[in-house]
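Heads up, there are several structures right after this.
Shared chain: chain A. Partners: chain B in the first complex, chain C in the second.
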Partner chain A sequence: MKSHLYPLLMGLAVFLAAGTVMATGPLGVHPVDLIAALAGRGSAEAELALALRAPRLVAAIMTGAALAGAGATFQILFRNPLVAPDLLGVSSGAGLGAAVALLAGAGIAAVQGAAFVGGALAAGLTLVCAALARTGDPRLSLVLTGLVTGALASAGLGLAAVLAEPYSQLPTLTYWLLGSFSRATLTEAVLACLPAAAGASVVLWLGFRLDALSLGDEQARSLGLPAGTLRLIAVAAATLMTSAAVAVSGVVGWIGLLAPHAARRLVGEQASRLVPLSMTIGAAFALIIDRLSTAFGPAELPVGLLAAAVGAPAFLVLFILTSRRSA
Partner chain B sequence: MSRLVSRDLIAGRKGFALNPLDLDLPGGSVVALIGPNGVGKTTLLKTLAGLLPPLAGTIQAGSCAYLPPPGTVGAGFTALHLVALGRAGRRVWSTGLAKADIEDARSALDRLGIINLADRPFDRLSSGQQQLVLIARLFVQDAPVCLLDEPLALLDPAHAVAVENATRQLAAEGRVVIASTHDLDFAARVDSVLTLDRDGAITAQTGPLTPETLAALFGVPVSICACCGRPICGG
Partner chain C sequence: MTPTRRGMMAGAGALAAASCAPVSQARVGALAAGQPAALLIWALAPERLLGWPRSPSKSSLSGLSPRAATLPQLGALTGGGGPADLERLASLRPRLILDYGDVEPEYQALAERLRMRLGAEWHLIDGALDLIPQALFQAGRLLGAEDRASALADLATGILARWTIAPAGPAFYYARGADGLETGFAGALATEVLEGAGWINVATGGRDIGRVSREQVAAWDPEAIVTLSADFVRDAASDPVWRTRRDGTRRRLLWLPDVPFGWIDRPPSLNRLLGCAWLADQGDRAMIERLGPLLYGAPSPASALPRWVE
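On to the complex of A and B.
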């Protein structure tokens, strides 16, 4: 298949999945009605369904694609299939930023901004510490300092939960930490797509350069690439994608780990194929999770819980299958 | 014709330095670098390749490609893509690799007789096959100076012969090729030899390697086989 057809087909797949989600479940509307509503000429039911569920769909697609794209990038970059956006402490850092803003009584826009700042600070702390500790393998020192940053941010999150006012703030904080696609308005979700799309464009552009970086900095430099600069660009782009997802949807795990693994089984390791397919699978997975979250009665289940409940066993199966094949 | 020139070059790392080195190697020949383990052969090659900063002195060369010993490069993608990455340095800020890069990668594999490996994942190849694929990448990268770190280590005789021939082809096109090695037969066959001894002294050998030189270099008695003329260490 021609390589430029991939993104088109994948976009189509996600669009169809989103349409299916809209057409089923509570407030399900006929696809024809839905298209009419998109054009501004639909029935009242279709308009209502669109208004209520479009923000969730946008949030789910963006979160799934961004986390999966960032996960695939980190996995290629560190040539380590067991890393995810949490690797650099970015998810926890963004979570801590948002928690602090919630405790301060900020509105949702400020919470999102704080999540960005927290994620970027965590990534910065990780990168600076790794640069200071650069003896031996730089990939290893980055993973280790990321672990430390993540642990610090998690401790901060625990403290935030203890300090939170138990009746007004704690439920909001807890709910946000468990992940949700229903917090953002359509405008907020669409706005958060901008940094995610910027990060994704950079990661997709990197393509073969990511493959060269996966050989290690020494090999990449020997091939004539500015390895340090490119690695920094890649980490920054993946961090931007992760922060955008956390800002909108809270802390949703497993997608960044699971989607690249599934994609790798289908198209192999080459970044120019692996990253776009990971993003597609991530978006589709998030849509399924979103559909499931409202499928069990009136109370909405937190998507972070569902992502773990579905994603963790799915990852285990994939991991065992992959290990057995390569053994 | 390429050329590798160094003036008063001191290669080393923290707490360890080799003697100053004046080199002037013309392209077109294979140079073997021999010496005991741990004297700094890899440090010297990486310094010449620009991967380690020299402690002093200068190096004049075009771009240098460095190949680590067999079995140390890992990649999950195909051999063909790995070979095409030889062009990465010329496409740093472009949108992607060009079609011509893929075609050149294919013909480099074909030329070394391993086109059948093109679509296999690199990690699934034997270390001998991997080494040939990496040498195919050197042709695609087309660096005027190729520095090979123990290119024959771990290889079976058939792959060792194939890699040695490929190394000669690299040189025959005018490149400077330096290969560190512990294979004294290989060192005896190539065009010239550099020795690196325990005191950090780098010497260009003139004439064939004598038992005395080898004995002093490695610290073991060396004799010459009466029937084939090969050096026998420890005998």
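On to the complex of A and C.
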């Protein structure tokens, strides 16, 4: 199949998955009634279903696309297909921010804001420490300091779990950390799309510059590109996307690792094709996970757990297929 | 002879106790293995409680007698919360450790293990709601507070008898947490007080505590939402999605007090008697005003009454 058809196909997959998410749910509203509600002529129940499903849809698409886009960016930037969006400790930092807000008794909107700030602070700390380290390889510095930041934030999260009131705060914190697309209101989900879209726009603008950076700083400079500045911009943009996703949906792993792998298998390494396709696959994957999360009964399964349960074996299959093809 | 693990633990416990400096008589008392047991001891013999597994919040302290604020946080030996430092507990030389809650074999095994390590008398009391009078008698004997236990047990017996025959309440959804999407499924400890009084929990198909979607709540279409969370009340009170039923009528929102402790939940201890009393006596304040001081050593705060939110 011609590779330019893949984005179209994946776009169709997102559309179908979104349609499934919107058309199905415990309220059991008929899809025709939903379409009528979209046109403002539906029943009260259909309007209710729309009001409840739309935030999930926006949160899932934004989270999947943002995490996948950030993962693809980091993988290109670090020339390492095992890099995930949490490379700089963003997810752990965001989790710690949320945990602190929960322990302080903050409401949901404040918890999301604190998660965003926590993620950004963790990334900032990583960048500053990496700059201070001044090793010969700036990418190695980022990876190592990111590990340290992530470990510190994880330790803080553990402490928060110990300090949390066991009958009220601890379950809330646990559920938050396991991820959910149902937490945000439509306004909150749309607001979170703004930083995610800003980050995605920057990454898409970088395009061929990311490819140059993936060849190494010397190569990038020989092409007349300011390697250090561009890397910082790319890292900041990917961090913005990750923080926005974690703030709305909690910690959802594997999407940022799996989607770029799947996309790479279809369109190759070129950033201008890899990043958008990764985002499309990420969005489709997140929508499928969202649908699965409520498919097994009234209790909602955490999307972080489902992403791991589905993503890990899928990643393994992709890995085996890719290695067999290249052998 | 090969030393056994249990023998080694017992030896370690004895060593820890023996190596500690003597403590004053005022410090000799009872330890609570978890917060439910702490409330049990607090109600019967507050002067014997050595510390809280988890210190009550500032708002909770406002509903307890002043001594509550002077007690240290010691950590929990069982259940949730920060784990206790066994050496610190041993240094308090507890004569008695009480645990109050599930009596499943795993908890009994844990109790036995910790009894050996701390070298103190350990009792695990069944925390079932309908067994509160028996639990009070048992704890009263252990704490040397038989008179107080007997008075409270008599009160509890009457409340529970009226609670079980209280008029049935509405079909409800229990909204836990700030976003209201955690809930206690039918049969959970968290909703036992309401269900026992004939209220119908719409949350079925799950176990204990779980998280659900807002659409699921809408599909269940409860007549009323019950919560302990002020944050949830603030957000949901005027939210038409939470407050509107499928037939277009307004859904009721019941805000139950959680100061000093929740009336139906958090923790699952004697505090739930207040919820039972309110349901048993159809909101009559007399029993609440009598029971509150007996449980907490202080009158219930004026705001601490259930409220149907407009």
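In this text, the second predicted complex is superposed on the first by the 304 of 327 C-alpha atoms of A that agree within 3 Å, B and C clash if a C-alpha of one lies under 4 Å from a C-alpha of the other, contacts with A are read in each partner's own complex, and residues count from 1 in each chain.
Keep in mind that, in the parts below, contacts are C-beta pairs under 8 Å (C-beta built on N, C-alpha and C of every residue); 3 or more make two chains touch, one makes a residue touch a chain.
Nothing here was measured: the structure is a model prediction, and the numbers come from that model.
Looking at the overlay, does A:Leu52 come into contact with chain B only (first), chain C only (second), both, or neither?
It touches chain C, and chain B stays clear.
So, A:Trp205: does it touch chain B (first), chain C (second), both, or neither?
After superposition on chain A, A:Trp205 lies in contact with chain B alone.
Report for A:Gly105: first if it touches chain B alone, second if chain C alone, otherwise both or neither.
So A:Gly105 only meets chain C here.
Figure out whether A:Arg79 sits in contact with chain B (first) or chain C (second), or with both, or with neither.
After superposing on A, A:Arg79 lies in contact with chain B but is clear of chain C.
Just to be sure I read the superposition right, which of the two partners does A:Gln219 touch: chain B = first, chain C = second, or both, or neither?
first
I'd like to know which partner A:Gly297 touches here: chain B for first, chain C for second, both or neither.
second
Identify the partner contact of A:Met241: answer first if only chain B is touched, second if only chain C is, both if each is, neither if none is.
It touches nothing on chain B or chain C.
Counting residues of chain A in contact, which comes out ahead: chain B or chain C?
Greater contact footprint in residues on chain A: C.
Which parts of chain A are in contact with chain B and also with chain C?
Looking at chain A, the two contact sets are disjoint.
Could you please specify the touching residues of chain B with respect to chain A in the complex?
46, 49-51, 63-68, 73-78, 81, 84-86, 88-92, 95-97, 121, 141
Hey, which residues of chain C end up touching chain A in the complex?
35, 54, 57, 76, 79-83, 176-179, 181-182, 185, 203-206, 209-216, 218-220, 228, 231, 234-235, 241, 244, 246, 248, 262, 265-268
Quick one: which bits of chain A touch chain B in the complex? Just the residue numbers, please.
Going by the criterion above, the answer is residues 79, 205, 207-209, 211-212, 214-216, 218-226, 264, 268-270, 272.
Once bound in the complex, which stretches of chain A touch chain C?
Chain A residues touching chain C: 25-28, 44-45, 48-49, 51-53, 56, 105-108, 111, 162-163, 165-168, 170-172, 175, 180, 182-183, 294, 297-300, 302.
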